[in-house]
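In this document, chain identifiers A, B, C and D correspond to the written order of the chains, with residue numbering beginning at 1 in each.
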Amino acid sequence: MDVGFIGLGGMGRPMVANLVRAGHTVRVWNRSPEPVRAAVADGATEAGSVAEAWRADVVISMLADDASVRAVLLDEALLAGADATVHVNMATVSVALAREAADLHAAHGIGYVSAPVLGRIEVATAGKLNILASGPAALLERVEPLFAAMGQRTWPLGDGPEQAVITKIAANFMIASAIEATGEASALTEAYGVDSGTLIDLLTNSIFPGVVYSTYGAMVRDRRYEPANFRLPLGLKDVTLGLTAGFDARVPMPFAGVLRDQFLDAIAHGDADLDWGAVAEVSRRRAGLPRD
Amino acid sequence: MDVGFIGLGGMGRPMVANLVRAGHTVRVWNRSPEPVRAAVADGATEAGSVAEAWRADVVISMLADDASVRAVLLDEALLAGADATVHVNMATVSVALAREAADLHAAHGIGYVSAPVLGRIEVATAGKLNILASGPAALLERVEPLFAAMGQRTWPLGDGPEQAVITKIAANFMIASAIEATGEASALTEAYGVDSGTLIDLLTNSIFPGVVYSTYGAMVRDRRYEPANFRLPLGLKDVTLGLTAGFDARVPMPFAGVLRDQFLDAIAHGDADLDWGAVAEVSRRRAGLPRD
Amino acid sequence: MDVGFIGLGGMGRPMVANLVRAGHTVRVWNRSPEPVRAAVADGATEAGSVAEAWRADVVISMLADDASVRAVLLDEALLAGADATVHVNMATVSVALAREAADLHAAHGIGYVSAPVLGRIEVATAGKLNILASGPAALLERVEPLFAAMGQRTWPLGDGPEQAVITKIAANFMIASAIEATGEASALTEAYGVDSGTLIDLLTNSIFPGVVYSTYGAMVRDRRYEPANFRLPLGLKDVTLGLTAGFDARVPMPFAGVLRDQFLDAIAHGDADLDWGAVAEVSRRRAGLPRD
Amino acid sequence: MDVGFIGLGGMGRPMVANLVRAGHTVRVWNRSPEPVRAAVADGATEAGSVAEAWRADVVISMLADDASVRAVLLDEALLAGADATVHVNMATVSVALAREAADLHAAHGIGYVSAPVLGRIEVATAGKLNILASGPAALLERVEPLFAAMGQRTWPLGDGPEQAVITKIAANFMIASAIEATGEASALTEAYGVDSGTLIDLLTNSIFPGVVYSTYGAMVRDRRYEPANFRLPLGLKDVTLGLTAGFDARVPMPFAGVLRDQFLDAIAHGDADLDWGAVAEVSRRRAGLPRD
């Protein structure tokens, strides 16, 4: 397929490589030039402008947040002049932006698919992402070969632009909740003389296997939150997306409310450059446990 | 080894069977007679009284809660007349009771080991429990053959009576937190048209593998919380053990505070006989989602 | 002084009447015509358009929320063509909007004063409002005669557009907290057989005198939340303004997080048209107390 | 009336003085001797033992908490040998203890009245306490002359031992909530450049008059929490009495849950000897506001 790909961050780069490897033609655009050169070395073509990327049949975008999507893609002139007939937005954006984007695309006769992913950079590199997809069924079917090139499984979640987005937001909320629970449990047991490393080993080797508890458990055990794979303010952003979506749909979310305050506390104490696993330190600090 | 075993509930029975199978002599006592007959059929001997069970070298008890332990075991006359030199308490009790029990045993020259377990009835039957143990190192070493007969791994957590207990309380708090997070996430996504079954399949097949999310995820997906393996009021009891221990050690636990209110809400709405997974229904109800 | 007044809701009308009574010339504009006729009967002049209101020396606006302020007043052409040299915005708006508005006015050489008020319609009618004011000191001094006509006291809170706004948001947060505390206390005591009316009488006649506890206490006592003086969704809006401002300044606000969920619960249960005092019913409902 | 009075703390002393002044005969007992000497100087008689105080017709006790009441008064031998036919317990105790005490008194044919008070030492001195009373109506009537000597008003709250106690617990919960709301509001406004003193002046001179907001507002304004009239751990004790009573009656209390964590945070940070108003500092600290 002829694909325009916009946004070559840590995730976008390996996704492009996998698309090329699967035989697709990919023209790439990125704000900064280095990732473009790398993608070209992988077999992609450089698009001279965003508009040129939209000459392809399908556009995939993998940008950071609402603001980037709005700045780069929600542009009447761009959409009016596009050849592409479907846009697959793989960023984690707000429900409101997903809906606004779908409407704007529809007004220009362009199909819109929401498709955020679960998986970090190494998972993207291995082509093993879980792809959360929602949008019109015919469009999902059409872009499935692209999903197949990037992921191990596509999860169809509904026919609107919001279902995939809210599911990604919910998944991130659950990760944040797992971190916070680990932090509170760890502070509690440490206050009674249990070594955090033992607690984490026990949990991850019994009732809580899997990447989330082992990744963040190791951070809590070692009290090491650098280098940051996912910084605290990004985590807070996603918790806030959940709170806002819950607000709009009248869904109380008391755990999300607690998370918000714990993240704010962490950031107010100077931890904004740490991985969001560092929210576990808030429980230690509030309990007056030694800082080291 | 010559073992007295007190408390033949759903967990105690298979634990006795595994002790017998490993070659230990086990005299059992239980308040009601039927489980005793079953244990005798498995090769155990009946103790005519609690005191008779204390004629063994080691006493293991597996009772329901603080009140049962206090009623059956914290008895000056019983301890004064005991032959046993070590008592392994495998119940989930409060930190305060564990400390009080250890002191009382010490006053009568009896060693005290805390050893609650992770694992449900089928895990106990398979002899695959994770055993959380704390107490004097020499005692832990001495009873390790008994642990080996009942569990797949013993986790030594410290030399006091409290470390094993607080770790079990922390683990149950983390399970409750996982249920609550699933409930909030499920209410949120359902409000935006995502089927809960799909959400659960997605999560348990990607970032949240393991018995906790699959067990409670299935309950939330099917909205079926009967038969109850672990009833709501027991879950609330364990959350409260965590809050009380946090209180005594000055550890704020905002997630535990939320859990307390959600459990109370569930019980106030008539769900006391359901499995504690039913706490997820509170999020649905508060959001005004359809009850059926 | 020559004053343009925009927004003749329940509060704006008596404020205009008091300005006229104090000898000021007031030209009024309102989206719907009836309040304009009433104001003219009180001695004001009708402005044919918003722009005409801006022919005055000073413009006062009293609109509902951010959206109305943005729609009616944040208009480049309007500000470019204005004769007025100062705008006093008396609405409860977000900190972000206050700052944006101040910048936009400055770009057109117009001074900007934030001046939300404490007091309901009857207080406005009596000219007894407490006026929370912030902005450049010279401007505050200049418009003080107008404040003196509408209020019993002006509280200068700082020289930026945000201080008066955040203080009003904080005051409303404190009112909401008082309602919630009353609701929880009332549910607790009723569960033990204490009549809510007696509780309220006791509190308001002893440690909690004043308009807040007596107004909302009476609602809780009588379980009557209509007619609504301040509807639940407006209350939730103000709580959310506090949460957002707290977010931006990294101030955890756990009470505000609880309030958010309680308001959402109330609205999800169909109480959106009731006074925000009805948030007290959430505590009753969660406790399973009889609905009638 | 012939009164035995047990417990001459800061509150008990002026209460005895007012009883004597009203013409009652009062024999006093206290653990430490100095307050007894002072009371004798005021016209009371010294009781050589607790039992001697129980020779009076009516016994009033004003002890610190459950533990003191249990240690001094819940004594089978004492009650069996008592001449007094009614005991008025004016301490703030738990609902559970009030019920247990009433049952124990009934078993010895002694009437039991719960009568905690609202008001601090200076209010007790002025004889202006608000007395919250519950118990059998005939007993309340009988001891009303004693209440009249100590208070400005008696609030009859029910015929059981629990209603007066739960109402006092609820009132203290509401005070704690007012402090916490003030703390959060103050941190929020200070983060935007509003002086806390101005905020407090504004609130206490407008919508929040009365002793609670002015007393604790002044502490927050001056950031001075010594000398402590009511220490943080006592405040936490009362919040916990509310949580426990809510637990038993299945009443979720999210504000009380937040308060619990804020008090624990304060105590964990070394503020246990400060007045409970110091819980407001937790909001400042969590927001990273300057400590001085």
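What we mean here is this: a contact is a pair of C-beta atoms (placed from the backbone, for glycine too) under 8 Å apart; a residue touches a chain by one contact, two chains touch by 3 or more.
Because the structure is a prediction, the values reported are computed rather than measured.
Q: Measuring between Cα centroids, what's the chain most distant from subunit C?
A: Computed centres place B farthest from subunit C.
Q: Based only on mean CA positions, could you tell me how far subunit A sits from subunit B in angstrom?
A: A distance of 37 Å separates the two centres.
Q: Distance-wise, how many Å sit between the C-alpha centres of subunit A and subunit C, to the nearest whole number?
A: 39
Q: Subunit A to subunit D: how many Å between their CA centres?
A: Computed from C-alpha means, the inter-chain centre distance equals 53 Å.
Q: For subunit D, write out the residues touching at least two other chains, lowest number first.
A: Correct list: 246, 250-254, 258, 261-262, 264-265, 268, 286-288.
Q: How are the chains arranged in terms of who touches whom: line, ring, star, complete or other?
A: Here the contact pattern is complete, since every chain touches every other one.
Q: Within the complex, which stretch of subunit C touches subunit D?
A: By the definition above, subunit C touches subunit D via 95, 118-119, 130, 132, 153, 155, 157-158, 160, 162-163, 166-167, 169-171, 173-175, 177-178, 180-182, 184-189, 191-194, 198-199, 201-203, 205-212, 242, 245-246, 249-256, 258, 261-262, 283, 286-288.
Q: For subunit B, which residues count as touching subunit C in their complex?
A: 254, 261, 264-265, 268-270, 286-288
Q: Which residues, counting only subunit A, touch subunit C once they are in their complex?
A: For this pair, the touching residues of subunit A are 240, 243, 246-247, 250-254, 257-258, 260-262, 264-265, 267-268.
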